[in-house]
Each structure stands twice: as C-alpha cells, then as structure tokens.
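Several structures are given next for inspection.
Here chain A shows up in two complexes: once beside chain B, once beside chain C.
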Partner chain A sequence: MAIDEKTLDAILNEYPAKVKRNRKKHIIIRDSAVEHQEIEANTRTIPGIMTNRGCAFAGCKGVVLGPLKDMVHIVHGPIGCAYYSWLTRRNKAKSEDPTQNFLHYCVSTDMQESDIVFGGEKKLARMIDEVVEILGPKAITISATCPVGLIGDDIQQVAKEARKKHGVNITAYNCEGYKGVSQSAGHHIANNGLMENIIGEGDMEDPPIRYTINILGEYNIGGDSWEVERVLKEIGYQVQAVMTGNGSYEDLKNAHVAQLNLVQCHRSINYIASMLETKYGTPWLKVNFIGIKATIESLRNMALYFGDEELINKTEEVITRELEEIEPLLEPYRKICAGKTTFCFVGGSRGHHYQGLYGELGISTVLAGYEFAHRDDYEGREVIPNIKPDADSKNIPDLHVSPDESRYRLKIPQERMEELKTKIPLSYYSGMNVTMAEGSIIVDDLNHYETEEFIKILKPDIFSSGIKDKYIPHKMGIPCKQLHNYDYSGPYAGFRGSVNFARDICMSFTTPAWNFMVPPWKDKPLLEGTVAQCNGAACTVNQAR
Partner chain B sequence: MLDCTPKEIKARSGGVINPAKTCQPIGAMYAALGIHSCMPHSHGSQGCCSYHRMHLTRHFRDPVVATTSSFTEGASVFGGVSNLKTSIKNVFEVYNPDVMAVHTTCLSETIGDDLPSIIKSTEIPEGKLVIHANTPSYQGSHITGFSNMTKGMVNYLSTATTEVKKEQVNIIPGFVNPGDMREIKRMMQLMGIKYIMFPDTSGVVDSPITGQYTMFGRGGTRVEDIRDTGNSKLTLALGGYASGDPAIQLERKCKVPAVAIKTPLGVKATDEFLLALRQAFAAEVPYELEEERGQLVDIMVDTHYHFHGKKVAIFGDPDILIALTEFVLSLGMQPLYVLTGTPAGTIGGPVGTFEKEVKSMLEQAGVDGKVKAAGDLFELHQWIKNGPVDLLMGNTYGKYIARAEDIPFVRVGFPILDRSVQPYLPIVGYKGAMRLLEMISNALLDRADRDAADEDFELVM
Partner chain C sequence: MNNEHYRNVNENPCHMCMPMGGILPFKGIEKSMVIIHGSQGCSTYMRRHIAEHFNEPIDVASSSLNEKGTIYGGEKNLKQGLDNLIKLYNPGLIGVLTTCLAETIGEDIDRIATSYLAERGLENYPLITVPTPGYGGSHSEGYWLAVRRIIAALARKTASHSKINIIVPNISPADIREIKRILRLMQVDYTLCPDFSDTLDRPYARPYKKIPDGGTRIDDIKNIAGAPATIQMGLTADDAFSPGKYLENEFGVPLYNIPIPMGIEGTDKFIGVLKELTGNPFPAELEMERGRLLDCMIDSHKYNFQGRSVIFGEPELVYAIARTCMENGIFPVLAATGSKAAKLHGLLLPLLASSPEQAEILLEADFTGIRERCRELKPNIAIGHSDGKFLTEREGIPLVRMGFPIHDQVGGQRLLSVGYAGTTMFLDRVTNTLLEQKHKNYRASMYEKYYARPAI
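For the complex of A and B:
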C-alpha cells in the first residue's frame, strides 16, 4: 500500500500540534511533477521525541577522528563518552607497525567532581604527558565532551602547550555534545581541525604517480575501504589517504598531493573536499561504491577525469572481469529478493547509497531518509546558497582557506574541467531525492513513532537501520539489516561486497527461525471433536486428538 | 593485539586507559526500565541517550526505549527547563507510558538544572507519574547510577501506609541480567515468601518475539508494588554498591529494616541469601533448593581438579566481583587480581570498602593477590604481563587482553556484546553457580585440549 497525503496526515495527527507542524516539514512523498520538493533537515530534534540521532562528540571523535589509527584520541570529560565510542563502530584498521596502532585503546581524563569545580586543564595536561611517555604516538587528538565547554577548560591552549613541550602533533576539538543538532556538527568541527592542523603538514610536493587519489568519507566499516582499494589498485590508482577508515596521521599529512579526491560520504567530509579544492586546486568527485552499477559508474567517471585511454581501457577490463566473477554468485540471491521492498534509513549517505544495491537485487526502496543530513544531501548541492543559517548552525565556525602559495595547482585545465562537469559529478552531489521512485517516502530524522506507523502501513520485507531500532521490526516479524555496522559482517562495498550483502540479507529472509514465531497451538482450538446430538440429560462429546 | 601496552608499570594520574566502568546515566536508564510501563528519560544532549540505548541494546539484543531532552547550545546556556517541560508533554502524548523516569547527565548537572522544581511546575497528565534521579557522570559509575535511580523510586513512590509491616520482603537485585532476576524470583517462590522485587527488568529487556511490538511489555515492577515496599517488613539489598543506598533510604523513609548482603552468586552467597530469608520469615529452605545446592557441591567435589589452584584475574562491577571472588575461592582457585573501575566510595553510599572486603577474603584463603577499585584494564593487563594467570573473567572488553596474552576467557558481567543468550540465563543462585562452573571448566579444559600433544590428548577428563 502506498502512502498519500491523507494517510500521512493521519499518522501525524497523533502528535501534539506543535510536533505535527514540525515533523510535517521533514517528510515528503516523492512527486517528480513538483519542480522542487523541499525538505527540512539539520534542524533541532524535538525534546521527548525518540530520535536516533547522536551528538557532535559522536560525529567528531566517533566518526571522523576515531578511525585514524596511529593517533591516540584522548577524550576530555567524564568517562561515558570515551567508553561508548570505544571499538563500537567497526572501523577496521591494519598497521604495519602494531605499536603504532591505538584503535584498541580508550583514553579518557575521567573527570571527577573536583575537575568540574576547579577545572580539568591540569589533569588533561597530565594525561597528555602520560600518553606521550607510555604509548608514544606521533600524534594526539583531544575531544571535548559537554561539561568541558561549560566550565571553560581551554583545551586549545593545553594542546598548544603540550605540542611545544613534546614536539608531537597535538590538536584539540571543541565538539561538546550540545553543539549543533546532531553528529553533523561534529563532522564539521573535525573537518576543520584536520584541515587546519594536519593535512598539508607533510613535506611531499609531488604525487608518487599520476593517478594518486584520496578517498574521503570512507570509514572502512567491515573492511569496505579495503575492497574498494583492491579494485582501484588493480586499475592503477594509488591511494594516498583514506579519510578516515584505516587512515593514518602519516598518510593524512601528505593528502595535499592527490590529483583527485573521491567523496563517498558527502555529509561527513564535504567540508574537507571543498577546502582541498580551494587550497590545492584538487577537484572532488562524488562516488558511490555501494552497488554494482554505482561502482562501475564511479570507476568510469574517475577514468574519464584523468582521460587517458590506457586507464579507460584498464578500467573496462577490470569491470568486465569483476562482473564475470560476481554475476553467477548473485543469481540465486536475486531469486530470493525479487519483488521485495525495503526501508533505508541510515546516517548521512548510506540512506541513499544502498538503494541502488537493493534495486539490483530486485528490492525496491519504499521509504528512505537520513539521521543527520542537511538539505543538500536530499535536494542536491544547488540548494546550499538558499539554506538559511540558524542559531545552531551559526555556532559551528566555518574555516576559510585560501590557495596555498606554493602548492596550489590546477590539476586539469579550466576548460576541460567545465566540460567534465557536464558529464560527471565533479564538485557536485545531486542528493538522494532525484533517484527515488514516485510515491516513495522521504523522511528526515525518522523517529520511533513514525518507524512503527510506516512499517504498519507499508509492510516492508526488510528494514535497514541501526542498532537502536533493529529489534523493533524483529518483534514484528520483519528482518532488519543494520547499515551502520553491517551486523558485524561485510565488506559490502564494491563488487565482492555486493555478494556479501546479498548473501546476508537472504540469510535474514530465509532463516527458519521466522517459522516458529507463532506457537503451533495458537491457531488450533483447545478441544477438537464432534458434538453429538444431545438426548435429554446425557450429552456426549467425542474428543479427538 | 594491545601491542602498545608496556610491561613496566608507571604511576598515572591523568585519567584512565581502557576503563572498567562507565557513567551513571546508563545505570539509571537500566534501572528505570525495571519499572512497568516506564519511559526512561535522559536530561542532557541527545548523544547520551543514543549511546546508552545502543549499549544496552547490544547487550540485551532487545529494544531499549528511552527519550532525551535534546539539549542545544542555547539550552546549555539558559538551562534545560523548557526542554524538559516539552519532553514531558511529548512523551505522555506520543508514547503514553505510566511513568517517566528522568535522570540527569554531566551537562544538566554542570549547569545545575533543578529537576524537582521543574517537575513540580509541569502539568502532568492525570494518573501519570514523573520521577527523577540525579546522576552526574563525574561521580561514581554506572553502578552508582543504578543505585541512584532505584533510590529515586523509593523517594517518589515507596510509602508506609499500614500500622503493622506486611509479611513480605523487598528485594533490590542490583545491576544484574533479567535472567538473574528471574532466578531470584524462582528461589523466592520456592521459599514461599511474598516479595516485591524492584527494579525488575525481566519481561522488559528479554521479551519474546510474537509478531507484534509493544513498547511497554508485561515486565517491570508495578508502581503500586513499589509504593507497597514501604509496608514490607524487610529489604534485602543484593550487593551493597548497586542496592545498598536505596535500601537505606527505604529504611529512613518508611522504617523498613535494610539488610545488605552479597549478590547471591556462588554457594556461600546463595546460602547467605536463603539464611537471611529463613531467619526473617521463619521459612524452611525447601528440598528443591537443598537438592540444587547438593548437586552444585557434588559437581564442585567431583571435578575439583579441573579448576583447583588455577590462577584467575577478575574484573567488573563491585557487587558481582565480591561474590565471584568468594565463589572462585570456594573452588580452590587463586584470584590473583580483582579489579573494578567503580570507585570504592560511592557518593553517599553505605559501603566504600571494596578493596578491604576482597583483600580480607584473599587473606583468609592465603592468596596473595592485588585488589583495586577505580582501576582500569590497562593496569590489569600490565599486572597480567608481570604475573601471568590461567584464566580471565570479565565483560567483553576483556577479550583483547585474553587474546594478547593467550589466556582462556570467561565472559561475565556487563556488558557482553559479542556473545548471545547470556542475559536470559542466571549466574546467581545454585543453578547460576552451576552455569558459571560449567563456563569456567569448559574454558580451562578447552585450552588444555587445544594445547595437548597428541599423546596427551584425553578422551575422558
């Protein structure tokens, strides 16, 4: 069953009036007849409405900084924030020097009441000293949690002094949880810090090879980045830095040498992508390595950007070979998936990216949305100039960079750049909405109540979201695929990843466990038998088993 | 694995590395889930609520609902009054619980939001309740948070209404799994004593699949029962750290005598639990329980050579640790290291003697071990590097140390994120002790099998 405006209104009518007015703007029914469908996004969550959103700290330390493996990430605050962001995101990393891989460590200043009252700067400085002495990293980040900003600890100053004292790259991030309206604020804060203090710190001047690229907004969940890099390497690319899955301080500081920046997750990293273009003249290309068609298109666009025949040919050769490998493997899964429907609600890019892969398996997306995206992730980057800053977004400083005097280089001639822009998404993202089917539902910051209601009406065959809502559809008898952490599986990116994904969702469709949900006696009467004619007082019941 | 951890131990004072505790609010959220038809509410940034729900959901693999005041920078500067008022209105209108249990966070505590007056000045729908607990993340640990929210239940709900106390006992189970709560209730039924367990998360975070989702399931302690705790003749606080404070508050408020005993884990602590009940209610311990005890001791005797003399390191929450140390000692094992992240003196708590209590147990058994409160796993790992053990017991985070040092590992406590089923099955009572014993033996014997040369590989062990 589809949802029309009337049904939607009925759902929203259950809300208090103010909530209804607010939520109505965050939900649209896709209608391509309307020239431009606007959606509200990146605005305050309503208190008391059960959101899936997290905070700025989660976006900064948890998402962007956390995966950088050779840095120690100190969390300045009471214990919780460090604890919950410790090893919970599946950003995998491998290190040639295991004594410089700190991802298994959780470092917190564990602020106590006295630190809140008298300030925690001294404790933080001691923690930095101890980390340098005991763990010996080349770089350290400091992330602030809520009380730090409130009590006025100057973590930037502590970092500056420690940097001087130890001769180690130490940077601080004021990503207190109350900043902005979601994780998104934290992405921006982390982007600014990395750009300002790390990228460009290295002394490489030239790329090692012509096809040197960075991958931005790829966090190597379940090993996604490794699967993508396998294919890129075969074609002939060299990846300088991945931001930030399996990423490192060592690679990041020379990220300026890349000739092209790929942007996988637009929301979390577009700031760095834009700044790299301004500062070093490196264009960025919106890619999508989730799904077969999207992967192929991304690879072809990359080849077109460099424009060399040999690279174009090699790209086609690898695509053909990869397809030959995976197509027969996908066939049995397609049979299981055909005609099914899904909800696709994830963070900032997967809500869009996975729709293609689902589609290739025969599953159509009837509802999609993002947890913390902005309007441009829905409507395309052309709306950016029209987004009015509000009190919350104004609190996140924009970092303004200018062309680097010695390192700014046009990677391709201006004319060719303009021509390419008409063919491939260079420095552009079209957003999710245009790719969605007529009548499908687009929801920003989908909450618990709406999840339940939409499931009841649309009855999807599978629900894709995260851990907080995973077990709710399960109780309703609907499988749920976590697309934040892949239910501890993966990789799902690239060619081989699509087979893993197909295998895993088919497992969820076909696991025999669903058959036992209803006890066999539930639809059977307690007594079975025939009732004989009643003759006077004697009445017999012939019980059968 | 953990290759950056050096063997040499240096004194640290800048905080913790690899914590063995987390913050108060998650404990408060868990306790609040133990009230029937209750919405836990986190008064702070929405990240707190998100993190707590994630972690609880991962451990229980069941929906964990909770709402948040979703602070912005403005609220952090001007106070979260309107955020909480809006939340209360929305939660009752949209989700319709019977109770909303609000806990604070480090954010709302630092700015000093006055919850009682905000709640008092808010219109609450008829028949509905809002209770609260102060749970600043910069004091104590998740165990303190559990204790504080349970105390909040007493503050708001427990009432003495009868002249004479009723022949019933209040049981505060501590921060344990619903499987443990069910086992304690089973023992109570066998003892034939009327009881009120609060909080009680069984039926809330271990709910069955039915094809229908209901936000507030059958489980949780009913409000009228929590009210009635003020009329009971005794409160048994199982584990002083998580349960002692609310029991004492109940004694103060309603004159219900409080007795704090160990979490009934292992043969001795379970004996103590039953003895306390037997004495207070003149109820004989039934044959069923005596039989279970006898079976447990039978196994302990029959297989003592599987575990006797083995060195073990244990970490986790203080109440579980105290009882678990006692249990492994009764197995003849040697707990060389016992470490909790929770500080020894919980704020306002009745007990602050973790190290002393555990050390005296070790001394009595002649074991020369290290005991630490407010410790971290980085230090525990360094201890193990300096003096190896045969077995590690603790929550999931221990698996990294176990792998780094190649030692068998038994998962016990909170959280367990990488194995399933455990929240459903008990570690308390004689049955729970049997289960623990099986886990300990299996871990040690699997290792012996793995390491045995072909000629030493045994069929019968």
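For the complex of A and C:
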C-alpha cells in the first residue's frame, strides 16, 4: 500500500498540534510533477520524540576523529562519553607499525565532581604528559564533552602549551554535546580542526604519481575502504589519505598533494572537500562505491577526470573482470530478493547510497531518510544559497581558507573543468530526492513512533537502520539490516562487497525462524473429524480435551 | 590495595556513567518510561549500549538541550519533552534523569517537575526525578539511587501485609526470573523491585507494544512500606543510595541485606532468610537442585582448583563472584571495579583473608591497570563483562562473560548464574573454560615440564 497525504495526516494527527506542524515539514511524498520538493532538515530535534540522532561529540570524536589510528584521542570529561564512543563504530584499521595503532584505547580524564567545581585544565595537562610518556603517539586530539565548555576549561590553550612542550601535534575540539542540533555539528567542528592543524603540515610538495587521490568520507566500516582501495590500486591510483577510515596522521598531513578528492559521505566531510579546493585547487568528485552501477559510474567518472586513454582502458578492463567474477554469484540472490521492498534510514549518506544496491538486487526502497543530514543532501547542492542560517548553525563557525601561496595549483585547465562539470558530479551532489521513486516517502530524522506507523502501513520486507531501531522491526516480524555497523559483517562496498551484502540480506529473508512464528496448533486443527451434536457427558469430555 | 587515582588518565574504563545505571531500574517498573534531561547524545549513546546488551528496543527520551538551553535553562525543553512522551507512549510513570549538562548549569529538576505537574493538572502523576550527573558516580551508584528514588517517591505509610520486599541489583533478566521461581517454590508473597525480567527480555509476540508488558507493579511499590521485611541483594550499596536502608529508616521495615544468591553459601543465606521470615519448609525441588550443585562442585573441584581468577565489574557482582570462586577453589588473585566502592573493599578483605592465594583489590580501576596487575599476578581465568576481552586478546587470559555490558556476544540477558541451579550453570561455564585452556596446551606443557628440561 502506498501512502497519500491523507494517510500521512492520520499518522501525524497523533502528535500534539505544534509537533505535527513541525514533523510535516520533515516528511515528503515523492512527486516528480512538483518542480522542487523542499524538506526541512538540520533543525532542532523535538524533545521527547525518540529520535535516533546523537550529539556534536559523537560526530566529532566518534565519527570523524575516532578512526584516525596513529593518534590518541583523549576525551576530556566524565567517563561516560569516552566509554560510549570506545570502538563502537566498527571502523577497522591496520597499521604497519602496531605500536602506532591506538584504536583500541579509550582514554579519558574521567572528571569527578571536584574537577567540575575547580576546573579540569590541570588534570588534562598532566594527562597529556602521561599519554605522551606511556603511549608516545605522533599526534593527539582532545575532544570536549558537555561540562567542559560550561565550566570554561580552555582546552585550546592546554593543547597549545602541550604542543609546545612535547613537540607533538596536539589539537583540541570544542565539540560539547549541546552544540548544533545533531552529530552533524561535530563533523563540521572536526573538519575545521583537521584542516586548520593537520592537513598540509606534511612536507611533501608533489604527488608520488599522477593518479594520486584522497578518499573523503569513507570510514572503513566492516572493511569497506579496503575493498574500494583494492580496485583503485589495480586501476593505477594511489590513495594518499582516507578520511578517516583506516586513516592516519602521517597520511593526512600530506593530503594536499592529491590530484583529486573523492567524496563518499557528502554530509560529514564536504567541508574539507570544499576547503581543499579553495586552498590547494584540488577538485572533488562525488562518488558512491555502494552498489555495482554506482561503483562503475564512479570509476568511469574518475577516469574521465584524468582523461588519459590508458587509464580509461584499464578502468574498463578491471570493471569487466570484476563483473565477470561477481555476476554469477549474485544470480541466486537476485531470485530471492526479486519484488521485495525496504526502508533505508541511515545517518547522512547511506540512506541514499544503499538504495542503488538494493535496486540491483530487485528490492525497491519505499521509504528513505537521514538522521542528521542537511537540505543539500536531500535536494542537491543548488539549494545551499537558499538555506537560511539559524542560531544553531551559526554557533558552528565556518573556517575560511584562502589559496595557499606556494601549494595552490590548478589541477586541470579551467575550460576543461567547466566541460567536465557538465558530465560528472565535480564539486556537486544531486542529493537523494531526485533518485527516489514516485510515491515513495522521504523522512528526515525518523523517530520510533513514525517507524512503527510507517512499517504498519508499508509493510516492508526488510528494514535498514541502526541498533536503536533494529529491534522494533524484529519484534514486528521484519528482518533488519544494520547499515551503521553492518551487524558485524561487511565489507559491502565495491564489487565483492555487493555479493556480501546480497548474501546477508538473503540470509535475513530465508532464516527458518520466520516459519515458526505461528505454533502448529494455531495454524491447523490438531484434531480432525466431524463436529457432533453436543449431548451431555460426551460434550464435557470433548471440551476437556 | 590502591584506591586512589594514581594516574590522571583513565585508560580503557571499567565503568560507565551514573545516568546509564539509572535507566535500568525504570525499565523494570510497569508501564514506565525515562527521559534524560541533557544533550540528546547521552540518551542515544546509552540506548545504543543497553540495546546491544539486551537485544531489545530501548526507548529512552531526551530533552534534547542545545546551546540556547545551556544559557537560558532547559525547562521549556523538558516540559515539551514530557508532553510528547506522554502523548505518544502514555506511560504510567516517568523517570527524569539528569546529566553532566543539566547538573553543571544547575537545573532545579524537582522544581521543574512540580511545576510541570501543576501546570498540566497531573498532581498525582508519578514523575520521579533522579539527579545523575555523569561525574557523580559510576553506573552502579546510578542504579541504586534510581531504585531508591522510585521507592521514595511512591512508598507511603500503609497497612501491614505479607508481601516481602525483594530488591535486586543489576543482574540478568534470567537471574531475576530464577529468583522469582525460588520465591514461588518457597511459597513466598513478594514485591520484587526492579523487575526487568520480562521487559528487557521479552518474548517474540505480536502485536508490537511500545512499552513491554511486565515490571514491578506501581501499586505494589506504593504499598512497599507495609512489608514485613526487605531482602536487599545490595551489600555494596552506599547507605545514601541504599533503597533498603531508606525503607528501614523511613518506615521501620526490617532490612536483610544479603549478597546476590550465588554460590551454595549465598543461596543458602537467601533461603535461610526466607525460611526465617515465612517459616515455610525447604521444598524438595530445591533440595534436589542443591544436591546437584554439590555434586557438580565435587566432580569439578580437581579442575577448579587450578583456576586463579581475576574478577571485575560492578561491586555487587564482583563480591558474589568472588564468594563463589572462593567456595570452589578458583581463588581470586585480583578483584577490581571501576567504581569507588568503599563497601566492597570492606567486604572483600575478610573474604579474601582466608584464601591461600595472595589477592589484590583494585578500586576505581581501569583495564590498563587491571592488565598491568594481571601480568604480575598471572591469573588464568577472567570473569566479568565484555570489556575484559582485552585480557584475552593481549594477555591470553580466557574470559567468562558475566554482568553488564556484554556487547561482543549475544545472550547477556539469558545468562543464568543465581540460585543452586544457576550457580551450577555458572560453575560449568567457568570449569569448561579452564578445561578448554588446559586441553589447548596440555601435552606441550607436560612435555615441557617433565621431559624437555633435565631433571634436577
């Protein structure tokens, strides 16, 4: 069943009037007859609504900084936030030098009441001394939790002094949980910090090879980045830095040498992408390595950007070979998936990215949305000039960069750049909306009430989201695929990843558990026979049975 | 013994924050919901972790405070949050937990709650506040304080009745179910609080309910002061946080503060108190179970005596596990908790004094500290929650998972370890882990010991 305005209204009528007015702006029914469908996004979460959104700290330390493996990420605050962001995103990393991989460490100042009263700067400074002495990392980040900003600890100053004292790159991030309206604020804060203090610190002046690239917004969940890099290397690319899955301080500080920046997760990293373009003249290309068609298109666009025949040929060769390998493997899975439907609600990009892969398996997305994206992630980057900054977004300062005097270089001639822009998404993202089917639902900041109601009406065959809402569909008899942490599986990216994904989805559809929902005695009669007229004693006996 | 912060850095923590512990008791009250007053990240992070342990939807609302709220106060947000929570979930009781943020900006949560109820004409609605700043203690303190505040908010002077109060710490739903089974077998009338045995381990059943069935009945808690006695499995709870102490001080309900009924002595103690209070006989079924546990202890003792344990986690559980290990010769060489836990220290000292092994106690511990001590003390088995997996990965010490959280494996909610039957299952898990370790290198180590080196 599809959802029309009337059904939608019935769902929203359960809300208090003010909430209804608010939520209505965050939900659209896709209608291509309307020239431009606007959605409200990146605005304050309604209190008490059971949102899936997190906070600025989660976006900064948890998402963007956390995966950088050769840095120690200090959490300045009481213990909770450090504990909760300890290895919880399944961003995998491998180090050449195992003594320089600190991903398994959760390091906190564990502030106590006295620290809140008297301030925690000294404790933080002493702790940095200890971290340098015990772990000896090349770089350290300090992320603030709520009370830090409130009591006025100057973590920037502590970082500055420690940097001077130890000669190690130490940076601080004022990502207190109350900043902004979701983790998105934290992404921005982390982007600014990395750009200001790390990227460009390295002394490389030239790229090691012509085809040197960075991958931005790829967090190597379940090893996604490794699968993508495998293919890229085979074609002839050299990946300078991945931001930030399996990423490292060492690679990141020389990220300025790349000739092209790929942007996978637009929401969390587009700030760095734009700043790299301004400062070093490196264009960025929106890619999507989730799904076979999307992967192929991304590879072809990259080859077109560099424009060398040899590279283009090599790209086609690798695509053909990879397809030959995976197509036969996918066939049986497609038979199981054909005609099924899904919800696709993830953080800031995957809600869009996975729709293609689902589609290739024969599963259509009937509802999709993002937890914390902005309007441009739905409507395309052309709406950016029309987005009015509000009090919350103004609280996150923009970092203004200017062209680097010695390192700014035009990577390709202006004229060719303009021509390419008409063919491939250079410095552009079209957003989710245009790719969605007629009548499908787009929801921003989906909450538990709406999840349940939409499931009841649309009855999807599978639900894809995260652990907080995973068990609701499970209890409703619908399988769920966690697209935040992949349920300990993966990789799902690239060619081979799509086979893993198809396998896991089919496992959910075919698990025998679904066959036992109704006990046999409810399903069919246990006694077969004819009903006799009730007469006294015989009737009592029958009932006793 | 080291109970001071000997370093400034907490490296790989062994505890979580206060509101995390405060959520759980509310999940064990019928038709109850929780809202956390602070940044929405607090609520999201905690829901994420609790859901991972129990594999259940964990709906915890947030007042979603933002920068504006930190300046002007969060009253409006909290009230709006309560409105929405009531409209969508229609709970019978709401818990309001505070956070670092709310406490640091000095939110007067009780005043806000009172004014909310007055404004909405809900004067008799159970809206229960619990001050739980993240820096105010660990999740263990948060748990006890929440139970105490729930009871303090609801209990009133009432006629005497026969229902005994049973107050349980943070144990698994399976453990709570086992305690209830023992109570039924002993024919005891009881009020068990908090009872998350069904709410956090609910069966698959249609249709989906936003608030699961089960939990301690609110009416029962209202009458809790008329009970003949309180049995609290909370020896480590500080008096200021202890629900049983509250009932004793406020209403004169006699308090039997006992350890978690784990191990033969621990379970005997529980049964003993029940017998004393009710005069009911010890049922044959439990006698059989006690006999089976003894049989298990005898059969396994030769393997268990080779165990040297490191035990860590919440204070109450650490104490119960340490007692059980002592009974079975799996002598602890290190008992650790991330909490301050002064009471635990006082309980462990006499217990471990009778051990043939020199045992250490580590309070306010982190896993780096635990690991360092393990290198020297050389335990061969670890018992505690999932974060102890680093002891396996880095030091090769196998881990028997127990307590909260268990986030790298499934079934934390189904782990049964209390009573005679539960202890038997716990011991088998421990013994088999020791045996598995032994079989792994049995021949190699025997060869090494008796043949490879020349005899002296």
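Rule of thumb we're sticking to: the second predicted complex is superposed on the first by the 522 of 545 C-alpha atoms of A that agree within 3 Å, B and C clash if a C-alpha of one lies under 4 Å from a C-alpha of the other, contacts with A are read in each partner's own complex, and residues count from 1 in each chain.
Operating definition for what follows: a residue touches a chain if its C-beta (ideal position, glycine included) is under 8 Å from a C-beta of that chain, and two chains touch if they have at least 3 such contacts.
Just so we're clear, the structure is a prediction, and the values are computed from it rather than from any experiment.
A.B. asks: Following superposition onto chain A, is the placement of chain B relative to chain C best described as a clash or a fit?
C.D. replies: clash
A.B. asks: If you stack the two complexes on chain A, which partner ends up touching A:A56: first (chain B), second (chain C), both, or neither?
C.D. replies: After superposition on chain A, A:A56 lies in contact with both partners, chain B and chain C.
A.B. asks: Which partner chains sit in contact with A:T43 here, chain B, chain C, both or neither? Use first/second/both/neither.
C.D. replies: neither
A.B. asks: Of the two partner chains, chain B (first) and chain C (second), which one does A:Q240 touch, if any: first, second, both, or neither?
C.D. replies: After superposition on chain A, A:Q240 lies in contact with neither partner.
A.B. asks: Touch check for A:F102: first (chain B), second (chain C), both, or neither?
C.D. replies: The answer is first: A:F102 touches chain B but not chain C.
A.B. asks: Touch test for A:N197: chain B only (first), chain C only (second), both, or neither?
C.D. replies: neither
A.B. asks: If you stack the two complexes on chain A, which partner ends up touching A:Q112: first (chain B), second (chain C), both, or neither?
C.D. replies: In the superposition, A:Q112 contacts both chain B and chain C.
A.B. asks: Which partner does A:N254 contact after superposing on A: first (chain B), second (chain C), both, neither?
C.D. replies: A:N254 contacts neither chain B nor chain C.
A.B. asks: Residue overlap on chain A between the chain B contact set and the chain C contact set?
C.D. replies: Comparing the two interfaces on chain A, one with chain B and one with chain C, the shared residues are 14-16, 19, 44-58, 77-86, 88, 104-113, 115-116, 123, 126-127, 130-131, 134, 145-147, 149-151, 176-183, 391-392, 395, 448-449, 452, 466-472, 475-477, 517.
A.B. asks: Which residues, counting only chain C, touch chain A once they are in their complex?
C.D. replies: Residues of chain C touching chain A: 5, 7-13, 15-20, 35, 38-42, 44-49, 51-52, 55-59, 61-70, 77-78, 80-85, 87-88, 99-101, 104-105, 133-136, 138, 202, 204-208, 210, 338, 390.
A.B. asks: With touch defined as at the start, can you tell me which chain A residues reach chain B in the complex?
C.D. replies: On the chain A side, the touching residues are 14-16, 19, 44-58, 77-88, 98-102, 104-113, 115-116, 123-131, 133-136, 145-147, 149-151, 176-183, 391-392, 395, 448-449, 452, 466-477, 517-518.
A.B. asks: For the complex, give me every residue of chain B touching chain A.
C.D. replies: That would be residues 1-4, 6, 10, 12-19, 21-23, 25-26, 41, 44-48, 50-55, 57-58, 61-76, 83-84, 86-91, 93-95, 105-107, 110-111, 136-139, 141, 207, 209-213, 341, 378, 397, 400 of chain B.
A.B. asks: What does chain A use to touch chain C in their complex?
C.D. replies: 14-16, 19, 44-58, 77-86, 88, 104-113, 115-116, 123, 126-127, 130-131, 134, 145-147, 149-151, 176-183, 391-392, 395, 448-449, 452, 466-472, 475-477, 517
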